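I am attaching a structure below and will ask some questions about it afterwards.
The chains carry the letters A, B, C and D, assigned in the order they are written, with residues numbered from 1 in each.
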Amino acid sequence: MATDTATPRIQLGDYIVIQRQKYTKLQKFGSLDTTATLGKETLELKSLLDQPYGSTFKMCVKETKPGKRGAQRQHSLELCSETELRSTREVLGISSSGADNRDICDDGEAQTLKPEDIAQLREECNDSSKIIEKLVENSKTFHNRTEYSQEKYLRKKEKKYFEFVQIRPPTIRLMLDIFYRQDAEKVMGIRVDTLSQIISYSGVCGFGSYLLYESGTNGLLPAAMLNSIGAGTEGTLVHMHPGNVPQKQALLALKLPLEQQQRCVSVNLYSVLREFYQGGEAKATTLPLEEPSKVEPEESQPETPTEEQSEAIEPITKKPKLDEAQSGRDGSKGPPRWHLENKRATALMHAEFDSLVVAAKEHPSSILQALLPLVKPSRPVVVFSTCKELLQETYMELKTSGKVTGLHLTSNWLRTYQILPNRTHPEVNMSGNSGYLLTGYTLR
Amino acid sequence: MATDTATPRIQLGDYIVIQRQKYTKLQKFGSLDTTATLGKETLELKSLLDQPYGSTFKMCVKETKPGKRGAQRQHSLELCSETELRSTREVLGISSSGADNRDICDDGEAQTLKPEDIAQLREECNDSSKIIEKLVENSKTFHNRTEYSQEKYLRKKEKKYFEFVQIRPPTIRLMLDIFYRQDAEKVMGIRVDTLSQIISYSGVCGFGSYLLYESGTNGLLPAAMLNSIGAGTEGTLVHMHPGNVPQKQALLALKLPLEQQQRCVSVNLYSVLREFYQGGEAKATTLPLEEPSKVEPEESQPETPTEEQSEAIEPITKKPKLDEAQSGRDGSKGPPRWHLENKRATALMHAEFDSLVVAAKEHPSSILQALLPLVKPSRPVVVFSTCKELLQETYMELKTSGKVTGLHLTSNWLRTYQILPNRTHPEVNMSGNSGYLLTGYTLR
Amino acid sequence: MSFLKPKTHIEKGDVVILYLSVSSMHAIEAVPEIVNKRGETIPHIFQTNYGSLKVENIIGVEYGSKVELSKGWAHVLQPTPELWTQTLPHRTQIIYTPDISMIIHQLEVRPGAVVIESGTGSGSLSHYFLRALKPTGHLHTFDFHEARADQAREEFRRHGIADFVTVYHRDVCNLGFGEELDGKADAVFLDLPAPDLAVPHAFKALKLSGGRFCSFSPCIEQSQRCIQELTKLGFNEIVSLEVLQQENVVKTRTLPVIDLEFLKLPKTEETTATAANAEESKAPKEVKKYLTSSNPQTLPGHTGFLTFATLPPNIPKADE
Amino acid sequence: MSFLKPKTHIEKGDVVILYLSVSSMHAIEAVPEIVNKRGETIPHIFQTNYGSLKVENIIGVEYGSKVELSKGWAHVLQPTPELWTQTLPHRTQIIYTPDISMIIHQLEVRPGAVVIESGTGSGSLSHYFLRALKPTGHLHTFDFHEARADQAREEFRRHGIADFVTVYHRDVCNLGFGEELDGKADAVFLDLPAPDLAVPHAFKALKLSGGRFCSFSPCIEQSQRCIQELTKLGFNEIVSLEVLQQENVVKTRTLPVIDLEFLKLPKTEETTATAANAEESKAPKEVKKYLTSSNPQTLPGHTGFLTFATLPPNIPKADE
């Protein structure tokens, strides 16, 4: 097999995507002792180091510990070759199948192996195809099932006992899948079709200066925009948020070059607007600092605590003492980082933006009132909400104001398909809510 | 070909469905002189008389008259056999086709026949396949098109020159298709999936007494319910409407047996409620009659004026003089028909109903307040509206009242498919609005 | 016996829907005693999340009433095919109300209709056909699985609708619907893995005056083959479609409205401290309420393709 | 030159969107003079439903401004791929923003990406690819129709984005993308009648470190064959999906509310006449207003099936 020197390799400190069949998980590979938990399996990650991204590893059981919800198995990981990954079906070479299910009486006792037997089998065998072979041997009904039904059974068992994981570098696409599957709330209910359209309609690209307000997507929305701005380009992003700390998990996971990271300026909405209006360097040092209230009671914190975030912490909920604020944070020489970011953001605000994206849990109306004046004419505006009524009201307000034209309120329908020979159909479940987008173009 | 004596035959006075390829039209065959207009074609219907329903007729041009929008052709109809109906493609036996469209430059002058030539051809030829043959002969690009593109061209031309019509008896299914295609407003925007669910959820069948309020579906909704009640059964329907005259077109078109027709009692909502509350025979003759106001300004009248409706006219917008009301309408001996219907309806109202269906252009809330007490416990309630907000409010009111349980607010997605060898896909257009149904069950 | 016609009071032997909530309903038989596993006759006690119900107590009660459970209450409803579909014991994958409604409508089933159904399955659709065609029509329903056919037959009897239905145990793809049904049906419905094999039998069973046909298939290839067969035999008006029903969950949403105008106003030294406090306490409290609705997070994305067709009148039927 | 980056003022040669209403937009070239059919140079006058525009007058104007027409006014907007897609001269069926957005997202196109597209068609999608990958990436776009390839090339030049794109006239199903692109692409997009024929070429063109693949097909059979080929060559993460965007038309609806309570109250003789009048005039006036939205009567029901796949890293590529 050819090796490609261009393929990046897994490094300590990286966020990685661990994939086991269709299940994917975002994990920080913080140290050689880091373990990842996939249901009842605990994986030791140390053998990943310096291996190329995209590699597949075999889970090798080291020990089984009793856990809260049944036994927890600890696995080491062994790099393995592509050829080990044949379909379980081929390995087993199952052939005899009934033509339909008319002779099957599902009495719930088709499997003669007892749960204890299976557990033992699992400890003994590292190879899922062996386990499944045993299960098939001991099933009274398997060979009477139709081929379709057999495959369904095998897929189900394969899923349970599948012993390979692939390690992939995080991308916007993979992270959105993970976040949305775990809990759509983690990304404010922004579905894949909706995110893709936010990126399109906002026009974000390698040129221009972009403004985003979002009230909590674990960094995914700013990451997606900064990803579209690109490395080695001249685009910039001002990322406003309502909390004390910007959610940055997805931004950090992308492992962007520093120059690109620095073109995303994350600031608190209240703090930066005060800076912008009250403005001026003189005032900034003489006036005591206001702490904007934490407005979003539902705001979700990133699930994985990420120490990098502490770097960016703004002291906006802790009441800084007057002298502290005047002398700089913690008595250090320069102004605090959040203050510098506010300065950078207000400079960009004065230069005006090439696009505005608002993805708010709050009513977007007052936010638009504050931010629309910062956008140049003939520029896209994109507002996301999960609540259609809010956007209907905003639509009417914008239409009446005459400041924005080409207004459209849209939502989406997304269906995935199972395309298999003779078994093609839309998937039986679909996502119910795309959320809503209100789009338009600013006027002079 | 075998003939079936059970097949009903076309009679004078029947409503008929005229079908030309996918186009269908509801037409009253009132007399032997009746003509039907299909776009630029006028059809003389007299030869339909006594022919079995389901027969196909050939349109034979008799003359061409100048019309407002181009020439109007008058046709007689000739009964024809199934064998005449072969696909135009087969007749023409087209074979040579390009593999793709790369060599086609669509300069808009691919057809060498001029419009005048085509018009003349059309008068000379009664046979659409001949016309199309000429068109193909004179097309410079036809033989360079792909097979797919050729078929599309042929279908388009075939549609334009197709010379056969089929005559079918009206059914709920065919009439809903016609009404909805002509103008969804004609049936208050009740789409096929929604109508089918109104029938299901209401539980209307051969047993029981049903209550419907509808504010204008050209008779389709009462017709659908009466159709489900059936001939020779014991079910009854009280059909309340807000207008002076019930819209009955679809009811009449069904040509139901008289006993079945009579089990549908059509009454004005205000008039019958007053009768019910103020009630009693004594009062009915001593009190002057109130005329409920015409509430629904948008109410659409049946497009085809149907003389049968005049039988049922209630004098509720004309202010009857006191003595007239007391002595009976127009001085005739008995009470007017609408009054008798009110009496029959109030008797059924006192006996209470087995289901309630409301399809209102008005806010359903006050209508439900008035009609729900007339429904027995453990009975379905179905409310239709095109405006979700109205049903959301009604949902909350009913939930709070505790009078109805199992409340669901639903809407539907309907997609039709083109299923052809190697060309299978959902149709490129779909209907955007199913309307909304609020369903539940009454409690004691 | 509670499926024949609307009735007001629970009688012994009725199937009754015990309605606890939108997501919790049970179909129970209103009999005072049942036989347990050991063959003993014991009082019929039904267990729910809100405690137990002594079933004897509901006999004679008016449908729609509230009944006491040991730890709460529930309502008793007369079963409808819709409620039955949500509570019946699943013997197979079943078809639900949105598809069924379309099937009944497109097959133009009304009292007096003669309908053929295959397979019977769990009998969910059969109950709808029976409601629509009784008391003057008849349903012929076929299943290749003997136990299922027997269970369905017994169920129709207990539900008081056995007079209007004949249940057959037969493999219709290979054996057809039987000569006695040739030319007898107004409508034929197929829910079979290979519907195309049964289309010629449907063709024979439909009346010479014509009739309607429907096939329900999860996979598009089944519909493709079915349509080929329908076309070959002279069916027309062939239409394939999908119906998906969406629940709109009604709720009142409380949404924060934030004020940013105040940030434009410079503060005087004296108001600073109090204003800052005021902002903190005030801002999050400004909210707006919306009565709104949205779909559940997961919706049914596919049930099956419905293929409808018309057999036109007077198509000659060769003796196959 | 107006597609390269955001700009503030209209320069000579810019494509400008003349925006009259949601349903009426035109892409015009900001040149003061044009050559007419007879070869004469004449002033560039653009006709709209609201009268004519002397195009010379908009040069130098700020984007987003209102401009006078002889019988009204319009706005001038800088073109975006979204606006261009709605106004471009159709040379073929085109793909629209909802599908395109999904394609860009799933193909993970960002500045620096090398993308292969076939066919170029009307260049609608090309403009989106170019926005996403410039200034550091490159688009290789192929069309088998020579005139279309030439038109697209010329268009990219006029739009100021020619540096980032190479347009090829080639039948890729038979001839592939050319050896010079072997192992060069991060992503391949196919919109071809027989995508399966081009899959092996896509396989060769993708980088050894892997890449993403997309095929857009109106018919399911095209996707089926494409997926068979993808599976054979070792692509994984194969997903097929459909995106449909719905417009929600916002409007205020005025709905009648009817009063039926008064019918319960018996009337005294004296009030009868006046009450009757009052009812008549009052009832229809009671209305409630709702800010609501609904879909247009007809929605796009299908555009195409999007099939996505990943070529994993280090799949050995035999010399085909």
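As a convention for this text, a residue touches a chain if its C-beta (ideal position, glycine included) is under 8 Å from a C-beta of that chain, and two chains touch if they have at least 3 such contacts.
Everything numeric here is computed off the predicted structure, so don't read it as measured data.
Novice: Both chain A and chain D are touched by which chains?
Specialist: Expected: no chain.
Novice: Take the average of all CA coordinates in chain B, do the same for chain D, and state the distance between these two points in whole angstrom.
Specialist: So the centre of chain B lies 38 Å away from the centre of chain D.
Novice: Which integer distance in Å separates the CA centroid of chain C from that of chain D?
Specialist: That gives a centre separation of 40 Å.
Novice: What whole-number Å value describes the gap between the mean CA coordinates of chain B and chain C?
Specialist: That pair's centroid distance is 26 Å.
Novice: Residues of chain D that touch two or more other chains: which are they?
Specialist: Touching at least two other chains: 220, 242, 246, 292, 305.
Novice: Considering chain B alone, which of its residues make contact with at least two other chains?
Specialist: Those would be 388-389, 413, 415-416, 424.
Novice: Hey, how would you classify the chain contact layout here, line, ring, star, complete or other?
Specialist: It is a ring, because the chains touch in a row that closes back on itself.
Novice: Output every touching chain pair, sorted by label.
Specialist: Result for touching pairs of chains: A-C, A-D, B-C, B-D.
Novice: For a test of understanding, state which residues of chain B touch chain D in their complex under the given definition.
Specialist: Touch list, chain B to chain D: 100-102, 105, 184, 242, 269-270, 273-274, 277-278, 287-288, 290-297, 361-363, 365-367, 369-370, 386-390, 415-416, 422-433.
Novice: Which part of chain C faces chain B closely enough to touch in the complex?
Specialist: Residues 4-6, 8, 19, 22, 62-66, 75-78, 80-83, 97-98, 100-102, 104-106, 108, 110-112, 128, 131-132, 134-136, 207-210, 220, 223-224, 227-228, 239-250, 291-293, 305, 307, 312-316 of chain C touch chain B in their complex.
Novice: Chain C touches which residues of chain B in the complex?
Specialist: For this pair, the touching residues of chain B are 1-4, 6-7, 52-54, 82, 171-173, 192-193, 195-197, 199-201, 203, 205-208, 227-233, 354, 376-380, 388-389, 392-393, 395-396, 405-417, 419, 421, 424, 436, 441-444.
Novice: Please output the residues of chain C touching chain A within their complex, sorted ascending.
Specialist: It is residues 144-145, 147, 193, 218-221, 242, 246, 253, 255-261, 263-264, 266-267, 272, 275-276, 279-284, 288, 290, 292, 294-305 of chain C that touch chain A.
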